[in-house]
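Each structure below appears as structure tokens.
After this come two complexes, each holding subunit A, first together with subunit B and then together with subunit C.
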Partner chain A sequence: MASIRQSFEIPGKMKTWSFALMGIGIVALIAGFVTKGMSKDHHEQDIFLGTLMYNTIFWTLVCNASMFFLCVTTMAWGGWQQSFRRIPEAISTMVPIFGAITLVVLLYVAFSGSHIYHWTDTVAVANDPILKGKSGFLNIKFFTIWTVLAIVLWSFLGWRMRKLSAQADEAAMDGETGAKFILSNTVRAATFLVWFGLTVGSTVPWLWMMSIDAHWYSTMYSWYNFASTFVAGMSLVALWVIYLKNKGYLEYTNQEHLHDVGKFMFAFSVFWTYLWFSQYMLIWYSNQPEETIYFKHRVQGPYKGIFFLNLIINFICPLLILMKRSAKRNYTLVTFMAVLIIFGHWIDYYQQIMGSISKEHVTMGWLDFGILSLFVGMMIFGVSKALASKPLIPKYHPFLKESIVHHT
Partner chain B sequence: MAKKKFVVGCFDNEDVLFPAVKKVRTTGYKIKDVFTPFAVHGLDHALGMRETSLHTAGFIYGITGTTTALSCISWIFTKDWPLDIGGKPHFALPAWIPIMFELTVLFAAVGMVLTFCYLCQLAPFVKKHHFHLRATDDLFVMVIECTENTNTEDLKAFLTNNGAIETDVQMAEEGWWIGRYDKDEVLFEGATA
Partner chain C sequence: MSVKYESQLREPLVYGNKTYHDVTEDIVRPIEAKPSKLWYIGFYISVCLLMFGVYSVYREVTYGIGQWNLNKTIGWGWDITNFVWWVGIGHAGTLISAILLLFRQGWRTGVNRAAEAMTIFAVMCAGQFPIFHMGRVWMAFFVLPYPNSRGPLWVNFNSPLLWDVFAISTYFTVSLLFWYSGLIPDFATVRDRAKTKLRKHLYGVAAFGWTGSTKHWQRHESLSLVLAGLSTPLVLSVHTIVSFDFATSVIPGWHTTIFPPYFVAGAIFSGFAMVQSLMVVVRKVFGLTDYITMGHIEAMNKVIVLTGSIVGIAYLTELFMGWYSQNKYEGYTFWYSRANLFSPYGWSYWGMMACNVLSPQIFWFRKMRRNLFVTFFMSVLVNIGMWFERFVIIVTSIYRDYLPSSWSVYYSPSIWEIGFYLGTFGLFFTCFFLFAKYFPTIAIAEIKYVLKTTGESYKDNMATIEQKQADEFAHEYAH
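So, the complex of A and B:
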């Protein structure tokens, strides 16, 4: 145990990069605010807010997915993830930060009388039987309470998991304390998962994103978004694992662990496609105007290119490239695929939100990439800080040995 | 199919088996196979076996299934018997995807099962030599192929020293041939070949 490197030192280059990315992002944010956000044109304002919305929601949910991964593997009594579990833990420390930003953006959108959430317009709702019927769910009060509750509880329950995990650094555990430790891990993971299921697994994507098309609905939508963020979250974990391996950390993590992370990336890309197709095919087949309206401008209109690019990046590429065993064990290929998948699901979020806000033309441009770089910069900065603040390997975790001898 | 001579060592513990496999291989003996009651992770690697190509075969079967489904349905619905279904185009790709998927799975699954049986030399009515019946229960059975230079007594002692709880020498057919093994001799007491 003496030779393992427990404390991560943030390389200067990484700090520079994260500050540079954040700098670009802030410049883009200000420029966007001045040119679009303060514009007299409602459409321009909506584009600015929408860009903020999909970036904040995407990054919050992606970071939250890493805590979901930890909780699920804990519930399954998995041992293999222990040698690198500090990475998903560190990523999940971004949930409170990104969550707070999301909260500000969403509440601003809901309260400012912006045109993005049509259901906030009380006059329109009163004269609209469909929106009236949905008003028990789609109203500002419920939206505010549920959004605050979701973000606060993700942060809090995640924090409890991380706090418990810190016990594995302190002292060796005998059989009894070990069993107790595993049990309380299981209980806390279960609590998180129940709340995760009630939010990300069902209500939150409906409330935050689907309600932009206030008249349209799809029950697949939330699971689709869960799959999207989970596969991007696993890719993010893979990127950090590979980065730390390249820097000589994580001695106990090897190809075997990367292989399993790669399997998640592969399997959930397929799962995402399954949901994508289930949502698309039923609507295409029944061909009812109130349902097809969502796909009209995406499949036949200006978003056609992005819509099918989304499918190629997020389905065809992972399917064909990650299928082979050797590909999932190859650091270079997994890095490439992880970046591609994160980008692909970011595009997916783009078309889901901006495709509804700006139906006539595709707005992808400097603002999108600027805001993206702001979030990537914050993520790199925050995650590396969180990694540096804790030992990298939970050396007294009862299941650590299982992770060291892990074979796939 | 020629009969060959094998030295069989039985182990009752994985933790003993792995070092023994390593020892036997470094000493230069040729391990034919290790029969285990359950799949042991990493054993194939320890034995230095080449990776199976079953999954490549599976991919090819799957692609065949997809192609079969797509070509059949598209021919039927566009050339052979075009029907107007709810005003949809004749080439209605989304509606066909479930069928393409199912046929991919069917071809891949059936093809892989058959290939697996062929590779493992399993088929109905084929009898295979059992080196030790307890390999299906609780013993790890290591089978080492003898050459004319092998001193079986030395090898047996070597295995015992490395943790084998039981060793013996057996003559067995190596391959498979339908109907041949019915005449197999009883190789040790109490066993029914």
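So, the complex of A and C:
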């Protein structure tokens, strides 16, 4: 009987790559800070901060989507994901790290008097009845408390899920312990999901992102952002599954599981498009200036190219490429699509945040890719560390055998 | 090696030591037996309601829309509320058959047949309202876009109301095909057991000459998959387009971007509640408790608490945006016309909140999810709440117009409006009683498909597998 490889050894090459990416990122960060961050021009400063903002927020939410996936499948009593559940677990360990960076960046933006959050400008608020009216929600105190709470609780509740999962490495469970184990899993997952709904599903995207256009509002905004980060999060899971498979790990995971992850990537790309369309079409159709202003420069102005690129990458490509069964079972194609989808939603975050900060011109350039590389490097480094610290397969998990016999 | 295995921690989906034959016997028995007294009573009540509905509609068609208490300001009242309510209910069936199929939820096999039937009947009921709301119903065919002799009179392709015509008729067609194609093998089963010639002939025609050959099954499976694929986007599109009827407008309380997914969640919510109301009764009356188990009821209650909470987030989101937008019209609609309990229709908003958001939270508790009385009570409550939701959206948004001079007086429906609504209940239940009597209420073939994985006695045999270590099991499975 062939034994399974439980401990992941981080290949030297991977370490080198992650360091190289982080190195490039740090150089870009410093260069960006010197050329833009310290610039006398407010606009340049905002671009620097905005670039940090959309990257930190994007990567925090994408990694948090892994924990969301685990909690949702736990609540649904899913069996199929057990053979690779350690991957989303490992990805979710990045939430406290990326979350802390997000916290620093957002609080700096809010407290530094930068122009990004217009509602932090007390003089402007005093002279603007709309902002004044909103100040019960858009104020620095609430912003700080809620941001800290959101990040701390995502990290804490996610940590509790992972901690419980470690029990499945220890000893075989009989029926009773197994049932208890599943019950505590569902309770912890439910707690996470409730908090997730109150933050990612509603308040957090309003506070962090929608408030950049301080007058503008859309009830769909948060759900749209959830869909965006969830589909990117599933793609990230797919990438790590394929990587580990190629390295000969995850013996119980096969094309059948990948196929299902691929279905999530396909289905939620379509779901994202559905929300995109619903938000856009309704605003376009009713044509009210206070709402269309958000899309004006995105559709007709400098962001036109990015606006349509967003749709092509995140809708047309997954629709056409991932629809076929064989595509979702093909490692190379899924890898390609996963990279594309993550990139596509990163672009979506770019246009959502930078499109509001720098309305006159598109600033995409070396700084964006540099900071992206910093985050990708950190993600690779952190996730590989987390993977190496735990057995790769929860071998006593009561549903593991279902995952072994899983087929689509 | 093909292994029939699932964790012992999961409850069986079929109780009792059933064989394939037992499954057929149990499900076909109600069709072959004479209907009970209870069935007749229920059926006659339904037919009476239907007749009252027909008379109410007759009044409306003959004397005009003035038979209803709609007015210039409240142009949409009970009729459109009822339309949206019924369409919403018609969502559970297809969700169960298509989306839960994709999510591989085995428990769907116990309830999918009845839920799909319910879907079809609910959509039929829904369709009556916009048709008769047209007033001159004999002109209803004007909604069909075809080259005609009416000169430039053509449908308005920019109108979401027209999209509704397409969306709902497509949904109805695909749901009907899906439901019927699943029925074919079961009709053949009933045909093969038939004792009278007429019965054999009728079920034979219905079964389209099904022989159960491998080729038939193969085609049947492919067809099911294609229809499931077509149905999945339809589950979302129908209520999305219904929500567009409101959200494309510039009416405060209607124009909000979250409407499409929020309507879909609400539709699934109410659909499941209706399935619960029916199933809790059907399983008892027809003695199908081995097939529609407490596990099934519990799973549906979980869907109810999930969708109820999603709807809750949506309610709070739009209420919040009513304030956050600092748009005084939105603010007035949400915070005065709705959330203020003492405004004319405030009661309906709080009724909606209580029934749809607060009360389903009781299903966080396992004991409550598995209590039949609570389940039935809650399912009725949710449907009342979902009716209120549509009433709140429609009436509280329009009764006070932008122009205070056109503000409406308090709207309450006329007897013929109520009669029309009751009539659709009659239609729905008449159809459902006939369905329950003449059709297999549970998909026989699909239960047989899951029997050996999830049947109680088969699960007992898996105990040996359960003892094995994962690596040992994986090794055996691989060889």
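FYI, the second predicted complex is superposed on the first by the 406 of 408 C-alpha atoms of A that agree within 3 Å, B and C clash if a C-alpha of one lies under 4 Å from a C-alpha of the other, contacts with A are read in each partner's own complex, and residues count from 1 in each chain.
Note that in this section a contact is a pair of C-beta atoms (placed from the backbone, for glycine too) under 8 Å apart; a residue touches a chain by one contact, two chains touch by 3 or more.
Worth saying up front: this structure is predicted, and the values here are computed from it rather than measured.
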So if we stack both complexes on subunit A, do subunit B and subunit C clash, or do they fit? clash
With both complexes overlaid on chain A, does A:Met354 touch subunit B (first), subunit C (second), both or neither? neither
Would you check which partner chain A:Phe137 touches, where first means subunit B only, second means subunit C only, and both and neither mean what they say? second
Looking at A:Arg325 after the superposition, I want to know if it touches subunit B, subunit C, both of them or none. Which is it: first, second, both, neither? first
Contacts of A:Val334 with subunit B and subunit C, given as first, second, both or neither: neither
Chain touching more of subunit A, residue-wise (subunit B, subunit C): C
Could you look at A:Tyr285 and tell me whether it touches subunit B, subunit C, both or neither (first, second, both, neither)? both
Mind checking 7-15, 61-69, 79-87 or 205-213? I need the stretch of subunit C that runs into subunit B in the superposition. 205-213
Overlap of the subunit B and subunit C footprints on subunit A, residue-wise? 281, 285
Touching residues of subunit A toward subunit C in the complex: what are they? 1-4, 75-77, 79-80, 129-130, 133-134, 137, 172, 175, 178-179, 182, 190, 197-198, 201-202, 206, 217-223, 251-252, 263, 267, 270, 274-275, 278-279, 281-283, 285-286, 288, 290, 393, 395-396, 398-402, 404-405
Give the list of subunit B residues in touch with subunit A in this complex. 41-42, 45, 51, 55, 59, 86-88, 94-95, 97-98
How about subunit A: which of its residues touch subunit B in the complex? 277, 280-281, 284-285, 287, 323, 325, 407-408
Which bits of subunit C are touching subunit A when the two form their complex? 3, 5-10, 102-104, 233, 236, 240, 244, 247-250, 255-261, 302, 309-310, 313-314, 316-318, 320-321, 323-327, 364, 465-466, 468-475, 477
